[in-house]
Each structure stands twice: as C-alpha cells, then as structure tokens.
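Two complexes follow with chain A in common, the first pairing it with chain B and the second with chain C.
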Partner chain A sequence: MSSLDEKIDEAKKLSMQIVKESDEDKLMTLSVGPQHPGTGHFRFIIKLDGDYIVYVNIDPGYVHRGEEKMCEYRNYFTNIPHLERPVIHDSANITYSYSLAVEDLIGITVPRRGQFLRAITSELDRINYTLYWLAIYGIFLGHSTMFMWPAADRELVLDLLERLTGHRITHAFNIPGGVRNDMPNNFKEKCLSQINYLEKRLKEYEHIFYNNPLFRQRTEGVGILSKEDAIKLGVTGSVLRASGVPYDIRKVEPYDIYNEIDFNVQYMKTCDSFARAYIPFLDVRESCHIIRELLDKMPESGDVREKLLSNIKGPPGESFKRVESGRGALSYHIVSDGTSRPYRVKISTGSFRNILALPFLLVGSMLGDMPPIYWSLNYWPIEADR
Partner chain B sequence: MIDNKSEIELKKKTILLSKDILNSVVEKFGDRIKVIYDKRNRSKIMVDPEIIVETAIFLRDNHGFDHVESASGTDYPKEDQIEINYHLGSYVNPDLFPYVLVLSTKTNRDDPKTNSLINILPSVEYFERETYEMLGVYFIGHPRNERFLLPEDWADIPPLRKDFRLKGR
Partner chain C sequence: MNTASGFIKALESGTKHLFIKRFTLRYPEQKLKFVGDGYQFDPKKGVGIAGLRGRHILFHDKCTGCQLCSIACEGIAEAIAMVKVDEQWKQNKKSIMPQIDYGKCVFCGLCVDACPFYALYMTNDYELSSYTKQHLIYTPSQLAIKPIDNGDVELKIGSRGATHG
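Right after this comes the complex of A and B.
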C-alpha cells in the first residue's frame, strides 16, 4: 500500500471521531453560589449563550432550618428567640408581625408607650439592615468605599439598639403584649444626635455612590420589571415600589402607632435596578424622620407591656398579620387549637416572594448585569429559606 | 391624635367592602362556598376542591385580587384532611390594599391532590412548590412538583405533617 493511501485511511478514521457541534453544546452552564461570596447562602444555575443568559434555575434551601416546624414545639413566648434567627439584622421586624399575630389571636392591645418603643426599634432595625445590604451591594459592584462607610456607620445604630434592648442584634425585644423593657433615661438625646449624624452621612452616600457615573451606567435601564409584571409576580417592598406601586404596609394597613405618624411612601416609576437600589436608601432617610417624630410624640411615662402568663393559651382560631420589613411585607399566619403551643405557623417573607422575579429578570440579560440585578432584589437567603 | 370620625368611616367602608365581596362570591357559587369568618380586613372562604380555579378567576377578574401574600397548608390528621390556604391580596384596587381574603380548600390526606392556581396567579409558584414538599400535596397543573428547600437526599415523610416528629421532642 502506498503511503498516500495510508494517510487517506488515517484521515478517514479521524473524521469519524469528529462530533458535530449541537445547539446544546453552545451553552455554558454556570453554578452561581452557594459558596460564591456574591450570593450569600444561595445558589442559582444559569446557562449562557455567549454573554447572554438564556436559562435560570434557582436552588435555595442551604440555610433551611424548619422554623415553622420548630414553632409547633414551643409556646408563644419561647418561640421568639428562634424566630429572629432568619434575619438577625432586622430581628425587630420579624418578631413584630409575630407579636401582632399572637395579640390578634388572644385579643389584647399593647400600651401606648410600648407601641412607640416597638416602632422605634423596628425603624432602627430597618436602618441597620439597609446599611448592611448597601455595604454588600457596594462591594459586589466593586465600590469598596461603599462597603466601608455603611459598615462603620451601622455601628452607631447598633450602639443605640444595644442601649435600648441590651443586644446589638437579635434583641428579642418585641414580645406578645408589648416590649420587654422600657428605654433608658438618656436614650432620647443620644438617639437624636446619632440620627442627625446619620442624615449628614446619607448625603455623602448619595454623592459618592448614587451619583457615581459608573454605578449609574451599570444599573440604569438594567433589569426592567414593569408595573404589570411586578403585580403579576406578586413582588413586595422596595422591588414593588420601584416599579411604581405605592404600596407600603405601614401606610395601607397601619399597625400599632403608624396611623398617627406622618410620612411619605417612597416609590419610583423607572422600574430598573437603579430604582430598586435607591428606594431602600430613601426608606432609610424616611425612617430618620419617623424616629424623630416618634421620639417627639412619645408619652413621657406609662406601661410598656401587657403582662401575660408565660404559658398563655391561644383560643382556637387563626390570625394573619403583616408588617413592612426592610425587604417588604413580612407576614405570619398562625393557627391555634386552644393549647399553649401554636398548631401551625406559616411565615411568608419578602425575600421568598421577591426571588420569583430573579429568573424573570435575568433571562435575556448579560452576565455582567447579574450582580446589580441580583442585589437590587433585596434578597436575604436565610430569611427566604427559614 | 386619632381622628375618630375618619377612623369609624374607614371601618364602615371596609366592612361594607368585605360584605360585598363575600355576597357576590356566594351568589355566584351557591352552597359550594362557605364563609368561615369575616373579621376586620380579613375574611376566609372554604370552597369545594373542584371549583377553586373558577373562584380564583372570579375573584381576580371581578374584584382585583391579583397576587398571593402567602399560600400554605395545614395538616389535620384527626379529620384525615389537609387544608390549603391562599392569602389573596390586591395591588390594583386601592380599596382592597388593607384587605386579605383567605381562599381555602380541603383535600384528602391519603392522596392529597388539588388544582394549581399557577395559571391564574403566577405568584403562587414557589409557595405551591414549598407546600408540595412540606406537606406532600400534589398540585395538578404545576410544572414543577419537586424538591425545593429540603436536602436533595431527603428520604422521610413530608416534614410539616403532624406524624413527623422532631427528634428529642
């Protein structure tokens, strides 16, 4: 056989091994998280065609602890410390709606001074959570100053909370019937001076972060969630209000003292990532006003809690109460069968509802737009997993 | 201070509103719907499993209940039933902003199946998936009745059933 024939044979064999590229081969699968520091304890799988995302599947559950099941084994008071674990920076709000639901079930009202203290704690926690979120948002968009500043200023809020409740985070301050203790003597002056300082700092944040051309370029017009889609997907909180629906539970269904407080619902109509990043910031500014107003209107003295038996029995029935937390509506559905333990507790959190918008927004956008879209959803994985 | 007059008027308005809604639903579906309670800003109706989709469509199109605040299930082993609750809310009708209507139905505990509302209210998607794995209720029409929050190798009964006991408790 000639050498040419050998070569032809060899070429034929090789061509047999060549596999034609199929459409599926063009896609690259990427697993984002759960170890990736940019997502927290959360994973989603995306498929890329070039630089464009064509498929998203979310995979939560890495921090699922079965809070709802745990509630069935503890009484109405011993449930408090474990219920605030899902969102330790905003623990006043997550126990607020629980307390409201239990009070609705038992049929008691909280003394007036207690209602004010609850509102102050929940507003301080909203600031606390939002500053933390802003810090992470900043660092994952490559803006390290925005990580340093809120993380440092958050300490002032934590100091206030420690003074008021005894703990920096996870205060266990809201309990069914009111709050655990009255505020210390010099709290009002201290709080006002810290709030004044924080408001001054907020102006600087806006200057360095929100007016930054790079940040604006990366977020403006990115991840558009129209009003119709936002309503259809049932998103809540800042995500909803960034899409032009002025829906804030503190306003539409005022709980405790909020119907006496004068404040504005922050919303924007641009529907993009920038709006979703800006609304929580505006909320912090509004919270400063609210705290000042609360401290001003607060009665000088009085009870802060309605004393209840530690093993109080809830009458058979059910209740559903919600509050506006840092991430949107946070609601509890409690079913009681007449014993001292709840029969069933369902926690519906803002994070769990907002994450439905993630696959919707990511499909069709570029990979580089993923961090601004993901963080603008104000998602806290631990709260969503419960 | 609280403006008592406007407070009372608001209260009257919400009572009338919830009466309106409940009456219209009962008128449409007759005795297949039962009103469980009607409190301030909260009402609950119990419907037959066959008409849950029709009821949801009726409530969405005629009254503007366009999303769910929450959806969940409760296990009742003594009655051998699982109750499924949808907490409906509205973002389009400002009168309904503070109002939450609980649309609930019951299904057999041994073979729990119910029609999914995913085509009427897309916001139920993850809530129904969670109910499927936590209580074992199969949602007919839902594209993904599968594992969501629990570990992938979970090999026990659905954990929110009452016969699932926590260890050491």
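Right after this comes the complex of A and C.
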C-alpha cells in the first residue's frame, strides 16, 4: 500500500509540473521569407490556427538602399542611373516622374517628339514589367507553362527597347529635358509588327491561364478587397482598379502627351484576386493600343531633347509629379535650395502602398490562398524599400 | 460544361504551341545584330544616336585629355580614371586619356554625352567577361581597338511565330 501511496504522490507532483495548453499554443508561427518568397527579399510572419491565417505582420526593409539620401549627394543628371535600379525592368517609369518633377522645378517643357518617345518607352516598359510579373504569378500557382510563355514573349518588347534606348533594362533614357536619343530607322515598322504579334499571343494567354478553370477556382472569390476598404487603405494602380475604382493617373492627371491619347481605363467590380490578376493583363492590351496610337500621331521630325547644362541649378522651390507605373502611382517630391543638387527627394511608390493591404486580406483566409493573394497585389519589394 | 470547355480550350492552346517555332537564341553560335555601331552623341545637336551601349571606343587623335568624361562619371560609377599615355598628340598637351574599369561601369553612357570632341563613343561589344578583376580595367590603348561585329541574327516574325534567325 505504501508503495502505491508513493506512486500517487509522485503522480500528483508530476501533474503539478505539466503546463496546461493555452490558446496561444494552438497557433503555429510561420515566417515566409526573407529569402525570396517569390521575388525580392521580403518577409511576412503568419500565425496559423489549423489551416486558417489569424495574424499577419509584414516586415519589409531587407533591400533598403537609401535612394532618397543618395539623391542629395548627386546632381540632377547623375541621379538618373541609380534611381532606376529599384525596378530595373520598369526603369522608364521610375525615371519618368523624376524627370517631370525636375522639369517642373526648372521650368522647361520637353519638345513634342521627345514627349512621344517618352510615352512609347513608358508603355513598352509597362508591358515588360507586367509580363515578368505574370510569369512569376504562373510559377506561384504551379503553372510552369505560364512561366515560360511570358518570359519568352518578353523578348519581343526587350528587343524593341534595345533598339530604341540601347539597353534591355536600366535604359537611362528619360533625362530632365527630354530623352537621350531619337528613334532609329525602321523602328516604327518593327514596333508595329512585334506589338501586333504580342497581341495575338495575349489571346493564347487568356485560353491557357485566365480562362483555365484551375486558375479561376484558386483566385475567384479569394481575398476580397471592397471598394471602400481599397480607398481607405490607400492602394493604387491595378489593385485599386480591380476594386471597382476607375482611377488611372494617365487619365485623371494627364502628363506630357497623354491628354491627346484616347484610351480606356480598365477596371473590374469583382474585387477578388482574379480581378487583381486580370487588370494588369488588360493594361498590357491597352498599352498595345496606346503604342499604336502614339506611333501614328508622332510628328515626323523635330527635337527630342531640350539642352541643359550638366550641372544645372534648380531654383529654390518644390515640385511634385506623379505617373502611372506598372504598380500604380509613382511620385516624386523634390525640394531644391538653389544649388545643383536636390535638397530633399521623396519617392512614393505604388508597391509600398499596395503591400499595406496584405495583412488585411490574408487574415481569415486559408494558407493555400496566400500565394495568389500576395502576388496579386502587384508588389515589387525592391521598389517598396527604395 | 463551362469547366470542360475551359479545359479543352487550354489544352488546345497548349497543343497549338507544339507547332510554333522555338523562340530561343542559341547564344554562342548565334549572335544578335544591333542597330548601328553603338550609342554615339552629337555635341552640336545635343542628342544621341541610337545604338547599343556596350564597351567604349576612344579615338586617340581626338581626345584632348579634358577629363569631362571622368567628371561625368563622378557619383555614378566612378569607373573612369585619367592615366598618362606615351603617345604625343598636338591636341593633348598633358598626354592623359581615360582608362575605364568595367567592373564598375554601369553602361549609362553619360560620359559619351559629356565628350565635346567626338572622342568617346560606345560600341556593340558586350562580351567583356574575364577571370580576374585586373583584366576588366581597359587601358586607353585597349579602348582604341574597334570591336569585331559578327552579329547577324535578327528577331523575325513569320507565319509560325517569332524566331531568331
């Protein structure tokens, strides 16, 4: 009997040591990233209850390069090559708004032909960016054909950009005062034929990817961002337009030549991941129309660049300009104190605004829905961190 | 029914792709043909001439050793250093010419825009890899060599899709 009592006492002591299961123990913490959760170094921490996400914390900043501070130590021209590094495949747009802001500060206007060339490069780069983004969307959902096709067809656009600017990516083409060079001979015919071929290929994308029942089942009704929430969260670009707000800076605040161009703002009212994936694709189609129209309306000859001193001094003051990039509104706020270097440059990018919607969308959804929601936000980590 | 037709269309699209030509550039055997002889700049007009921005070419008979290219590179890559050369040129009293470190160069071409004497252009030469960092530094005499341009393949669009060559 005594031995049994001892055993009971021992068991009682042991039971005192056992920590009871708390609510916190049900959750599993999962760190997605920071080594390339798709593209770029970016981390988000997820807490899971079973298969459902209950908590999300985003942790950007792994690829912060200090672009804004670097701008303060370089003059208005030498800023161009480093400013396009955050988005190397959409570099025409990130230097576009910078050039517009500097021109506004100095008070010059770009010659008409230069404005057309800028718009053409901007649209080509939008296609270039979106096809790359689409390729990664494909591989995110395990659709390797959709990775291969846009990656190959991007070559059509890269070839045109190489002819026009001299580089496939990081063109250093837009510069305060205009563009670096005029377009080469036979560019117009070449551009038209390659853009027309690309449009034909886009139809195939629709068959194999967007109308594919597998893709539709994974994205339709997933990650709903309603119109009111989208406006409150301050998302821009394709994410905002997928939530039913027809807001495109090319239309709302036309810069350069865009007020003469006739195009439609693409938007959808379904507010889900499918809409956010489909809007950039529709933008590519619209860009093809815009390029054709630009080539048609372009003046036959003329200056492309207003000549400026290489160490031009900006008069004291401020300027703010924004453009519609592949990821939404991309704006520059430049403050000048009268020297040849900007006093302060603030870059506001669409990527950073869009990622703020990620915790909002992921909480309550399943872990399997994480890739289609994350990548539908049209996020580029390096641009967001600047 | 809608699901079935979606699958059939996707499969049809994939099958159609079997009959499209392969869209691949077989690089060491095939090389792309570029527009012109590389990026050039006309200081009188103030605009460039379209072309690939590859390795530079330096015309020794035009370079005056003014260092404007080196100054233009400040704050970008700082790849250009002015070095002494043995040659004697009438226009170049100091006998200094640019030496370019391709380990640092970002190929933006702003040095070409800065040259007022038509002495520095860019060429179609893009094959610059080497085993050591030292070999990436091109001296003025190396920069004077005109590259052999043997690219002959262009992107073509035919009835069976886009191909190279």
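Just so it is clear, the second predicted complex is superposed on the first by the 367 of 386 C-alpha atoms of A that agree within 3 Å, B and C clash if a C-alpha of one lies under 4 Å from a C-alpha of the other, contacts with A are read in each partner's own complex, and residues count from 1 in each chain.
The definition used in the following text is that contacts are C-beta pairs under 8 Å (C-beta built on N, C-alpha and C of every residue); 3 or more make two chains touch, one makes a residue touch a chain.
None of the values given here were measured: they were computed from a predicted structure.
Chemist: Quick one: on chain A, after the overlay, do chain B and chain C clash, or do they fit? Just give me the call.
Modeler: When both complexes are placed onto chain A, chain B and chain C end up side by side without any clash.
Chemist: Applying the document's definition of touch, where does A:152 land relative to chain B and chain C: first, second, both, or neither?
Modeler: Only chain C is touched by A:152; chain B is not.
Chemist: Let me test your reading of the model: by the given contact rule, A:263 touches which partner, first (chain B), second (chain C), both or neither?
Modeler: In the superposed model, A:263 contacts neither chain B nor chain C.
Chemist: With both complexes superposed on chain A, which partner does A:73 reach: first (chain B), second (chain C), both or neither?
Modeler: After superposition on chain A, A:73 lies in contact with both partners, chain B and chain C.
Chemist: Where does A:247 make contact in the superposed view: on chain B (first), on chain C (second), on both, or on neither?
Modeler: The answer is first: A:247 touches chain B but not chain C.
Chemist: Quick check for you: in the superposed arrangement, does A:55 touch first (chain B), second (chain C), both or neither?
Modeler: neither
Chemist: After lining up the shared chain so the two structures overlap, which partner does A:140 touch, if you call chain B first and chain C second: first, second, both or neither?
Modeler: Once the two structures are laid over each other on A, A:140 reaches no partner at all.
Chemist: Look across chain B and chain C in the superposition and give the shortest C-alpha distance you find, in Å.
Modeler: Superposed on chain A, the two chains' closest C-alpha atoms are separated by 9 Å.
Chemist: Overlap of the chain B and chain C footprints on chain A, residue-wise?
Modeler: 73
Chemist: Under the stated contact criterion, what part of chain A meets chain C in this complex?
Modeler: Contacts found on chain A: 73-75, 77-78, 80-82, 145, 152-153, 155-156, 159, 162-167, 170, 172, 180-185, 187, 193-194, 197, 204, 207-209, 211-213, 216, 303-305, 307, 310.
Chemist: Could you pull out which chain B residues touch chain A in their complex?
Modeler: Touch list, chain B to chain A: 1-2, 7, 37, 41-42, 44, 66-70, 72, 74-75, 85, 87, 91-92, 97-98, 100, 102, 121-123, 125-127, 134, 148-151, 159-160, 164, 166, 169.
Chemist: So in the complex, the part of chain A that touches chain B is made up of which residues?
Modeler: 60-61, 64, 66, 68-70, 73, 230-234, 240, 245, 247, 252-253, 259-260, 317-320, 322, 329, 331, 333, 335, 343-344, 346, 348, 352-353, 355-356, 385
Chemist: Residues of chain C touching chain A in their complex?
Modeler: Contact set of chain C toward chain A: 2-3, 6-7, 9-10, 12-14, 16-17, 23-24, 34-36, 39, 46-53, 72, 74-77, 106-110, 113-114, 122, 155, 157, 161-162.
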